[in-house]
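Working notes for the structure below.
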Amino acid sequence: MIVLFTDFGLQGPYVGQVKARLLAEAPGVPIVDLFSDAPARDARSAAYLLAAYMAEFPSDSVFLSVVDPGVGGDRPALVVRADGRWFVGPDNGLFELILRRARDVPRVWEISWRPERLSASFHGRDLFAPVAARLALGEPPSGEERPAEEGRHLDWPDDLARIVYIDIFGNAISGIRASVLDQDTELRVGNSRLKRVETFTRVAQGRPFWYENANGLAEIAVNMGNASEIIGLRVGSEIAIGGRGKITDSE
Amino acid sequence: MIVLFTDFGLQGPYVGQVKARLLAEAPGVPIVDLFSDAPARDARSAAYLLAAYMAEFPSDSVFLSVVDPGVGGDRPALVVRADGRWFVGPDNGLFELILRRARDVPRVWEISWRPERLSASFHGRDLFAPVAARLALGEPPSGEERPAEEGRHLDWPDDLARIVYIDIFGNAISGIRASVLDQDTELRVGNSRLKRVETFTRVAQGRPFWYENANGLAEIAVNMGNASEIIGLRVGSEIAIGGRGKITDSE
Amino acid sequence: MIVLFTDFGLQGPYVGQVKARLLAEAPGVPIVDLFSDAPARDARSAAYLLAAYMAEFPSDSVFLSVVDPGVGGDRPALVVRADGRWFVGPDNGLFELILRRARDVPRVWEISWRPERLSASFHGRDLFAPVAARLALGEPPSGEERPAEEGRHLDWPDDLARIVYIDIFGNAISGIRASVLDQDTELRVGNSRLKRVETFTRVAQGRPFWYENANGLAEIAVNMGNASEIIGLRVGSEIAIGGRGKITDSE
């Protein structure tokens, strides 16, 4: 299975062009759109999202992961092997949390292969898609292995106390794994102090709260309402983590 | 064929996560997105839409139908067999018109199976998708059959004289089957009185009208214009049904 | 491979309904969404976009191409064979640039076949999809061949000096092939004079420029910014082409 995780947008031709390339090079391999609207040009936010959402996919899934503001520059292109899955994309921190949280020994290759025709602006189609297709067919990564410790972003926190994605209902997903927070931890965003609940239906309509979403991240929501509009949240908004009276700084 | 009818939104990971689960459990079964933007959290409007749009799909298609504001609460999960097709989703009226209009004897099961890991907020992925996958593979419904007369919404009208969907062009789809309206029936929405026409090209540009859409519903449109903006319509807007001078109340 | 190029919108049921028809009539043939948001009801702008984006697809791909403001009227339905590919859609100029730029001798058929049930408003599903499915299965076009010179739009320019598409990042794609412009050609839109650059990363953030996009069209962009909003562009905006001091009229 090839899983697309990009900021290419749903509109326009980009995702379709990538799929056409994948279908041509790896016929019959199923393709799934995970995110087409990952945080645009924001590799750090995207890194926390990818690490949380990749876990449910089958072993040997190939994640074509492109949030790539540096396209056309000289950032390397990578293949990563971690937790039994493949990741293909730019070397800009997008795989930092995958590497950091891997339960096996992760491996990293720099892709040296270049296609005959490489556009300056669309490596997702021209470079990353053919590489992902070949991995999906069981071929080994083309390129030179490098130490998994190289080019890391060790200054990034283990959990990012910021909003990393706002969904179509206005729910605001944070970069914090709910499992690192106590049951009675409050989250503070803007002027709001939010308690944890188990499910939407246990909260009065219109009241903001946070909960562990279906992929293990702390998510801010309002029952039958748009949390992001009500509280005033966007990707990047800071979250302060409290609990038993204590509020710690975000990040 | 598995057909997705949800209010999960096009953005974000939700539809992709459902598809990944379907592909894992029913490899090779084609998946079609019918609506990803069914009326959000509005099972009644969605019910009229689903009943009108399901008819063109092949026999034994499985409709994974999730408009589910009560997720995480105690509403049962259902499998419905009607008109030679399968429907999987929450017990909240979403299948009311399917059941009421069935030309065969419809059957209903309460899904008793639960997955090993059931999130509180994403039954579409965790519960309904695996059930739909198994039906698509030809397995019988898991769970207890219950009388098709149970838990019905008999107070809902046979045709809903309200807008149930507004499409990207601003066309406003009603919950009324055009076949129940006379050729000379006028529809009244807001301050507008609309006549029926056969095709867009027979109407002057900018003029609102109604017509029988390609799925048999009465739809309000403006040739080369945005009917919803021009008239001021949204999902839920009431429609008064007239004809030969007579205007009857909506609903 | 069947490639969808339509203005049906991503929202709503339309693309899914077309795919269901294709899957039923040509099971196993891969379907790719190229554009679901081609310039709405604007066959001329769409024609320049289609001609630029079809080139990368494999030989014998079938392009189901529907930008069809005249649906329900009496415009003929066409099959076009050009550059080793098939095109199916309305006779309104959508294939003008495909025909004009063809490197082989293009052929055109008028589709005489009609389905048992043809809705007035959705020929994409009812007429064009079954025709495309049969071509994808290797069947010959149904209908009468007509001279490829008939019904042409020879008054349309070879390159359209207007914006034909604005992508989700605000990049504005023109109908001009970059290959017809000198390296030092400036483009003038509104009050802006834009120089050509090779890649985004060579330009200061916030500065507008133009470049050859990954499909060979001149595209106006801003590094890390929304060019359309900053400059004030929409589909149809005129572009003046300059170079070495000379500015020529658009179109």
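We just call them A, B and C in the order they show up, numbering each chain from 1.
Here, a contact is a pair of C-beta atoms (placed from the backbone, for glycine too) under 8 Å apart; a residue touches a chain by one contact, two chains touch by 3 or more.
This structure is a prediction, so every number in the text was calculated from the model and none was measured.
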{"item": "For chain A placed onto chain B, the superposition rotation in degrees, Cα atoms, nearest 5", "value": "120"}
{"item": "Homomeric contact chain B-chain C: same or different residue positions, threshold half", "value": "different"}
{"item": "Chain B and chain C: spacing of chain centres that average the CA atoms, whole Å", "value": "32"}
{"item": "Overlap residues in chain A, where contacts from two or more other chains coincide", "value": "10"}
{"item": "Residues of chain A defined as touching chain B within the complex", "value": "1, 3-4, 10, 30, 32-37, 53, 56-58, 165, 167-169, 198-202, 211, 213-215, 224"}
{"item": "Chain C to chain B touching residues, read off their complex", "value": "8-17, 19-20, 23-24, 27, 40-41, 69-73, 119-122, 125-126"}
